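So that you can tell them apart, the chains are marked A, B, C and D in the order they are listed, and the count of residues begins at 1 in each.
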Amino acid sequence: MVVVMRNDATETDILRVVRRVEDASGDAYVVRGTSRTIIGLVGDTAAFLSLPLASLPGVDHVVQVGKPYKLVARELHPALTTVQIGGAPVGRAGFAMIAGPCAVEAREQALVSARAAKEAGATLLRGGAYKPRTSPYAFQGLARDGLAILAECREETGLPIVTEVMEARDVEHVAEVADALQIGTRNMQNFALLKEVGRARRPVVLKRGLSATVEEWIMAAEHIAQQGNSDIVLCERGIRTFEPSTRNTLDLAGMVVAQQETHLPVIVDPSHATGRRDLVPAMARAALAAGADGVMVDVHPSPTEALCDGPQALTPDELIGLTAELAALARALGRPVSRPRPERAAATEDELREAALLR
Amino acid sequence: MVVVMRNDATETDILRVVRRVEDASGDAYVVRGTSRTIIGLVGDTAAFLSLPLASLPGVDHVVQVGKPYKLVARELHPALTTVQIGGAPVGRAGFAMIAGPCAVEAREQALVSARAAKEAGATLLRGGAYKPRTSPYAFQGLARDGLAILAECREETGLPIVTEVMEARDVEHVAEVADALQIGTRNMQNFALLKEVGRARRPVVLKRGLSATVEEWIMAAEHIAQQGNSDIVLCERGIRTFEPSTRNTLDLAGMVVAQQETHLPVIVDPSHATGRRDLVPAMARAALAAGADGVMVDVHPSPTEALCDGPQALTPDELIGLTAELAALARALGRPVSRPRPERAAATEDELREAALLR
Amino acid sequence: MVVVMRNDATETDILRVVRRVEDASGDAYVVRGTSRTIIGLVGDTAAFLSLPLASLPGVDHVVQVGKPYKLVARELHPALTTVQIGGAPVGRAGFAMIAGPCAVEAREQALVSARAAKEAGATLLRGGAYKPRTSPYAFQGLARDGLAILAECREETGLPIVTEVMEARDVEHVAEVADALQIGTRNMQNFALLKEVGRARRPVVLKRGLSATVEEWIMAAEHIAQQGNSDIVLCERGIRTFEPSTRNTLDLAGMVVAQQETHLPVIVDPSHATGRRDLVPAMARAALAAGADGVMVDVHPSPTEALCDGPQALTPDELIGLTAELAALARALGRPVSRPRPERAAATEDELREAALLR
Amino acid sequence: MVVVMRNDATETDILRVVRRVEDASGDAYVVRGTSRTIIGLVGDTAAFLSLPLASLPGVDHVVQVGKPYKLVARELHPALTTVQIGGAPVGRAGFAMIAGPCAVEAREQALVSARAAKEAGATLLRGGAYKPRTSPYAFQGLARDGLAILAECREETGLPIVTEVMEARDVEHVAEVADALQIGTRNMQNFALLKEVGRARRPVVLKRGLSATVEEWIMAAEHIAQQGNSDIVLCERGIRTFEPSTRNTLDLAGMVVAQQETHLPVIVDPSHATGRRDLVPAMARAALAAGADGVMVDVHPSPTEALCDGPQALTPDELIGLTAELAALARALGRPVSRPRPERAAATEDELREAALLR
């Protein structure tokens, strides 16, 4: 960190900064310029962040130089993490396809979607039982009934389940069914929820907040990791900008930056990023070509009847077409595609229960 | 709402839309243009929002014309709401000054701040016991101990307390102490929390989300109102933009729009909007001149030692100066300033307990 | 400036940076941290900006500490500038009211607007003869005919004229008529145009770019000043954000920052900032209360017939009402309102010609 | 277009709208709702845009339904345009690689870069002789000398030249050397310049404005086309958002939308979009995978010495590596890569002069 002093800062002001840094076990180097003095801080950036440096008398502003994250930082942990979700790996080793309905609306709709995901070669099933909706008058999800349907989908298809949890007190019972807990974009800085999933024994899929910087997104992962859970998959899903032709603006460069900065896998959700079915295939291909560790795609047996985000859902046929296209592209890029574990494909209810107990 | 059809939409596509609208008890008027057909929907906008219109075959896009909110809409409830927080009114009738420390850090710091707020003529005390922080390494608040300190501040000064609640399961015990429950910017779409405060018997101060449109902000208030609690104060606190010289960009025009669209009081937080002490007075004056129903300002006995947001806190003397300045301005604008209830100034612990029981 | 080295930077990399800085007559102070080395640069920030520091081997990134502007910087020129536009002062000494039609559409429309501006007590007349329009199918302005009409308006009312110039080769003939040359938001970084108005003997009203940071806006003024013309009035007119309820988001805090950073007057255009007539008075009051040096407001005798930006224009009566309101507010704030020079009110064509020759 | 009336609009207000539309040769269909009336407009959207509908009494707001562009609209001109730049095609038929230095700094630097572009298989050479720079203290380009160097590069390599023109009065002499005229991001709405290049007999590469919506970008192309020049290549180069880790945010979905909406080729500039060399290859691959018609990449023989944008320039070796990678990816996508015309590779000065005369 660098502390930039005002040009009317006194010697006392400068010494005060130095003392505070030294009290926090850091070293402070004073550089006296013609118009301003700057003070270089050497030590633990995270520790300096808790000092009120910017408010000290004579300080103009503080520039962060080091990174504020530790546990998830690639700089400190160069080995890349592969997260196992119910046996399906997500990581740099293979490109993961996660597919499923945005929301679980009914048993039949979910099962048809799950079968489509399976047939398309997806290794993980997504689907929301709890749905955050801007309007209180829109469909809010089936809650526990939805979880039961998801469990049935897993039994039939063998695909592990990624599903959203919206509040801290739901974590326990959602984790009983889910193979991975998804934190939605609106909850990326719901710190109570982050803490709770950090204590759960389930991998977490952490979506980037609608207007979160990459650094804030990584800091949210740090909140989770700090509780002991480092099985985190980051998911870029578009940020809010002034452009109205798409629902959000997909930030693929931000995805790559997150890969550089952390040892965590980073996937892309082209469905929520664009909100438009016609743009999903192009953005899924782009994500793969940019080096993403996977994509998460909405599918619906009948998008025109979907209760949630129908305009962005692919039909089962479109999903199968997209997966084939991505597989060919992955080959050209020298990137393997994650495959479902063969034994999993025929998992029995008993095996699943046992697996759940062992976790 | 208006449904805009694609230029290759068939007659069947058009009829399908009409039928869906009529099934939802709406009326659909078809306007056939030279290149496109549009369908005007007449009826309940909120009901139409739950239809999958945008996904129906042949539909290009859907334009929302009516407003998606009802309970908080001024159009439907023209009488303006004055929210009583522990006896202090917030509404169009008088300009409210809410002041206090960003975070409760210690008994002495909170008491000195509370006395400053009182002396400056504030009618409400703000202060955070639970603090959402981007970094897990930063001060996270004193939690229940902080609430106890806030209660002591109220006893001494008579000022009712506005304090943040960060998760649904905390609402009950925070509401035991708080006169108003604050929802922070990061939780504006934490729907579980909105639901819970909607069921609580305490007024709510709802901060605008960092990147929430005015409409989304009002919809968050609708979520609360739908649970039975309409004692909601909206608080504009700056939005995220590309401009780096201030922490956020204060959207005063958005504040006025929220006043036009709802019957709720709307206040402004110039401290969090700018993040800079030197800009707080100018933005507080601007908020008053633009017609805000109050301001909420950070104060700290020693900003240079603050554990949270020190650079934006006024000193007690600066707060007193600002309040005097605002009072003079309010007179020129023909706007009364809210005054503390005289009897409240000397409220005893017994009275407060009794008041709490009666609520 | 501070150069932050990568953690794998070599001693050679560090020395290379030091040498480049010293070659540019600067001093470089090396601070060796545990994980990274930073180098503090002391000297002329503007000179360092032209060095390719960020591209040197081993450099992670460069942090700007000093300000990149000089001629317009308040730090270097503490005396505040009052810009005289055709005899009417714009500066900290008095709050200036500039009013007029967005576009000059016809002789009668312009004259009625000009008289309204005069009657309302405005000291300057705005009006566009050249109009930048997003659509080539929209009204593009009357060009030279519009300038002639503006000159006629000045003759009748005595109000000096502020009018936009859109390209470098028009500067000369626009300057023959205009008392101040306006640079529109889309041209804030049209450097050829900035250079040309920098050489003209007319004050410049420089609007902030739609998505320009305050620093970029000030740098655009520096481009003008560098050519010898320091008679620059900065004009905040709203920035582009995600919020759709207003045309742009008025950044009043950015206006105050521009006042702190430069010695130039800064005014506000609430009409273009909001695009909504109903919000103009509240934002004009807010601008005055925040300390702006003036406002520039659209007026139209019949906004419903306006060829350009009708929804944001006040009627003559509304303008007179607003001006009275602002005058009362200014008194309460202890801020004088600029008054037209009495002799100017009856200026003859001869006097004007003479004045033009003398400039 | 749809006109939404206020809920207190009178019958007279409604009839007034209908009359204005009919006067503009349109048809107006009135749909009377329970709370509001809406009026559907059938006819020429561009014509309606010049009506002051939003300002008419009783009108709440106007919703645009049709597209405001005509000449460049794919809906009206379904055949895709391939733009020939000095013999090198840019269009859907082949993926074009445009490379070269951001700025022409010196003869040697430009020649080395041009040879690298040639060797890498690029079909077009980019390079700026006129440079728009935020700071007046930064390198501003070599102007006419730079153009002469570019001509020499073309003679040696046979690569046609794309170079920026910054003001209307430069168009003529820049067009004497340039094979394509580039309009930079800051000039996207410099309408005088758009008009001038619209009259020139050279193709135009139109960069998207820093904060331009896709629709505004297309409208800028419409301004050019309206003057008779439809040889326009659109270039996505990142938009301004709140994210600080990259210079801009690359909007690949916006690129695809521009391809859907217009018949023009759309390319991507990953160098300016990210400002970071390490992100250029990933974003170039993503652009190709998303369906872009080409990329434009900065190359510099010694990026650490570059006078402009060094941190984003590839070295010649990196460029050659990237091109090979893109060629392999293009094959997998079934997309041919544009090849230089064989005869062009060895073009003599005479041939070039002749070609110039024939154009």
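The rule is simple: contacts are C-beta pairs under 8 Å (C-beta built on N, C-alpha and C of every residue); 3 or more make two chains touch, one makes a residue touch a chain.
These numbers come from a predicted model, not from an experiment.
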Checklist entry - Based on the averaged CA atom positions, which chain is farthest from subunit A? => result C
Next on the checklist: When I count C-beta pairs in contact, which pair ends up with more: B-C or A-C?
Outcome noted: B-C
Checklist outcome for this item: Note: subunit D sits from subunit C at a C-alpha centroid distance in Å of 28
Item to check | Centroid distance [mean C-alpha coordinates] between subunit C and subunit A, Å | outcome: 42
Item to check | Distance from subunit C to subunit B - Cα centre to Cα centre, in angstrom | outcome: 33
Next on the checklist: Two or more other chains touching the same residue: where does that happen in subunit B?
Outcome noted: 211, 240-242, 244
Checklist outcome for this item: subunit B residues touching subunit C in their complex are 211, 213-215, 239, 241-246, 249-254, 256-257, 260, 273-274, 276, 278-279, 282-283, 285-291, 328-329, 331-333
Item to check | Residue ranges of subunit B in contact with subunit D within the complex | outcome: 2, 4, 7, 27, 29, 31-36, 38, 40-43, 63, 65-66, 75, 240-242, 244
Item to check | List of subunit D residues in touch with subunit C within their complex | outcome: 46-47, 49-50, 52, 54-57, 68, 132-139, 166-170, 186-187, 189-193, 210-211, 216, 219, 222-223, 226, 240, 303-307, 310-311, 313
